[in-house]
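Two complexes follow with chain A in common, the first pairing it with chain B and the second with chain C.
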Partner chain A sequence: MGASDGIELLGKPRGPGSDTMLGTPQYKRDRCVTGVHGLDEILRGGIPYGSTLLVGGTCGSGKTTLAMEFVVNGAAMGEATAYFAATEPSVKLLENVRQFSFFDMDMVDKGLLNVFDMDVTYSWLGLTKATFTMDDVNALVKAITDIVNTIGVTRLVIDSVTTLCYKIPNDQLIRDFLFTLGKTLATQGCTTMLIAEITSVGMSHGGGRSLWSSFGVEEAILDGIMVLGDIDRRGHLLRYLQVIKMRGTDHSRAKYALELTPNGVMLTPMLKWGVDV
Partner chain B sequence: MARKIEFDAEDVEFFGDVGSIGSPKLDNMMRGGIPRGFTILCVGEPGAGMDLFCKQFSSVAEDPENTVLISTGESQHEILQLFRRYSWPLDLRVRTIGEEFNRNVLERDLKASKFRLEGFSMADIQKLAQTRFVEVDDTDYLIEMVSQVTNLGPYFRCVVDNLDFFFQRHDDARVVSMIRVMQAHTQLNRGLLMLSISSDTVNKSLEREMVLIADIVFDFEVKMIGTEFETRMVIRKFRNAPENLSVMSYRVTEEEGITPETVERII
Partner chain C sequence: MTEVTLNSSVQVRCGASNAFLVTASLIEPLITEFEMQGVYISASRGALELINTLNEIGVATENVRFIDCVSSALLGGTESTFPNISFIDSPIMLESILLRTLYHLNTIPGDSKFVILDSVNALAIYNEDRMLAEYLHTLINTFRARDVLSVIMNVPDQTPPGVLANLDLYCTDLIDRGQVVIS
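On to the complex of A and B.
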């Protein structure tokens, strides 16, 4: 793929001594290096430790792969990581992720990558009703923080927080849930990605409500927002990623082409001339 | 068109037109016993002896293989102890749905409460990370009970003690509809079905609906007279035999269980 596709590959897969598209970065110690090709450069070194990010995207935009790569790269560095699968059974998720070279089932067996089925967690906590009460929400936050605390999780993914929030009856309770969860995880130094399913990306016309999240209440509370979507270019759907907000770090706000390769996610700058934005 | 049951001639002769209620005195009062095919509804206050009466009814099983006692409140052990105390035969089939429910559902609730209160231990987390599927206990005990009753053959005898369990967990209309199914099966197979329910479990209109479905209705009451308790049984409905309607005091003896003492005819 080259410039003729509207995308210019400037970066190389990260490795020891490799150059990056934004020059040699000065990684700081307080960053959680995602290890996702191109993302750490966009974030000027990685995600600030303890941040809670919303990763919103349309279906098929690469949210799950990105999030899985984020935790797997942590596990590869010996960190304890956790992935809560709410939209698909973990068996299926693990089977799908096996195709990527970054994944190693050994990490699961060694307990570095802990994949939890959200419906099993709900069942264990007696959360079997369609709608959660305040007590249920508190029990869920306690269970997640318990897991983070007990096994020393440094990277966490909830995929997706949208399906979870559908069970919470009102915006205020969703806000409380995300705020409490984010605050508790931050104090434990856990960097968290909350996956959100959205139908379209951008700013709504007229209502003034942004379309980065599912419920419109998540953006203000969380530390960072990344959106993944598709751009139609001459009949081809190109995936892209854009960092909208990231507290505690300077970052690029440009759209980057996201490609799903056998090695995982690859982010490259997107040339404006070739894309109908 | 209703399914036709072919009855064996020997069975017809052996079982006859009526079956015992479990007390010879009461059978005499009712001109021999309960007509085959009848559904009996017992409505009672706690402590009035209704549970004992239900077990006594099942103890006089003509064909133990075709007799089932479905209990929602007692364990197999408790029922066995009671049958031994009264020297009743132990060869009938007993299903303890309440015990099954406690084992399956309440244990899970208890575990969930523990997790919510005390959190997950390291061992719990490891197990949770390895558990890929939810253990679903979607047993519908109402369907289980109805299915067990409707699988009984001609001249069966069955007791469901009691219906409170089902009314507390299912929609009222669904329970009543299932009672109708059991009543129809009983009528068709010349069986004897006894159902019990505590007073005030359902509202008056629902109770009236159940009374309409049942062929015989017994009320069990307990009253305090001076320093003594008096237990009374009222037969307030007896299909096609209103002369059997009566109010009677009863006592519990070691030999016969519930035994009527004084009888007062309503009509």
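On to the complex of A and C.
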């Protein structure tokens, strides 16, 4: 049993950069390297393969850019990727993302980056009702996993799962939908980002309910939670990213300032004296 | 300035009256003599005014990326024809300044790069002392780790004592109005 098996034994010489604050773990899961500046460092190497993440954020916090960069970087490495757009038409999405240097339209033409309009998927499945039944939800999960299977998708984004969940009438059904989707995609080795639109980030006061998700049920089921938000620094909004939870890896839980540059997302630890200004 | 060490951080102290002359006398040898490229963080004055003045005295600025922290506060201040200027909303967005600097450094070819911060006292107008000291600590260590020369302009009598003390501690060199007193 050696390093090539993805397993390290205690007492073996450690490679450079393998140490964490808590020491080197005995077993290290294979990672899906996001390629987003700073994010893989925060996650100590990347997202554990096959994880399903909730990427929750307020409007304008950079969720779509981050998710698009995640799939595009996978496509650049030759992986098949898919992006389900539910909040804006795919044409508009691609037009917005063309300004970033990481994006290359060739990836779309070569079939490495597959962008689907959620509305088209609904019509294709005959899901024209305002509210979905359990059968509708199952049909949707099957359609998504069929696409993942057929194309061999290893990175998937649903932007946003909030829009989709609004069609699901109760929390239990939302929970079932996300659990089934996450489980199915994990068995296919697909690392997934589910985008969630939230109005504020953090812990609610009094109610004891966390504000990482839209419906309050997503966070317990999924493997990871990443939140994006804004800090109001004397009238100026500074974007930040924080990883709240990530199963299968040690990770930083600090707030990181996020800047959208022509090269995409860039992250740096937020100044400690600047978090609560 | 007769020699530079890439991973050093130089504090340049100047007076309020000779700040521009000191700036010009620093940037000119970096560009022409040492053939370096870099980033100029402009918090004292608008980048457009700075470029025009430097060009007037014969200092070429094409290979310098300017991060303008001032002009966004002025109506029409961000209308510029120079492609090497990028604007930051406010000098209070210290992390944005750092990330923009890193972005520009990534776009500059070669290994010989500098960052000029103009100036600590200008940032002190907008930022609380502890946060500014933390920012300078981060900035200096970030660029030293990347083998980038950092030059930090400062008018000492307009800089909070706590920030000044930290700056003295973090910087590897000190130039006082053009004369090296500690090396």
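Definition applied: the second predicted complex is superposed on the first by the 246 of 277 C-alpha atoms of A that agree within 3 Å, B and C clash if a C-alpha of one lies under 4 Å from a C-alpha of the other, contacts with A are read in each partner's own complex, and residues count from 1 in each chain.
The definition used in the following text is that contacts are C-beta pairs under 8 Å (C-beta built on N, C-alpha and C of every residue); 3 or more make two chains touch, one makes a residue touch a chain.
What you see is a predicted model, and the numbers here were worked out from it, not measured in a lab.
Of the two partner chains, chain B is the only one touched by A:Val91; chain C is not. In the superposition on chain A, A:Ile147 makes contact with chain B only, not with chain C.
In the superposed model, A:Asn263 lies in contact with chain C only, and not with chain B.
Of the two partner chains placed by the overlay, only chain C lies in contact with A:Arg234; chain B stays clear of it. Residue contacts after overlaying the shared chain place A:Gly111 against chain B, while chain C stays out of touching range. Touch criterion met: A:Leu271 reaches chain C, while chain B stays clear of it.
Of the two partner chains, neither chain B nor chain C is touched by A:Met77.
By the document's definition of touching, of the two partners only chain B reaches A:Thr121; chain C does not. Shared contact residues on chain A (touching chain B in one structure, chain C in the other): none found. The residues of chain A lying in touch with chain B in their complex are 89-91, 111, 114-117, 119-126, 139, 142-143, 146-147, 150-151. By the touch criterion given at the top, residues 108-109, 111-113, 115-116, 119-122, 125-126, 128-129, 131-135 of chain B touch chain A in their complex.
Those residues of chain A lying in contact with chain C across their complex are 233-234, 236, 238, 257, 259, 261-263, 266-274, 277. Chain C meets chain A in the complex at residues 89-90, 92-96, 98-100, 102-103, 106-107, 128, 130-131, 134-135, 138.
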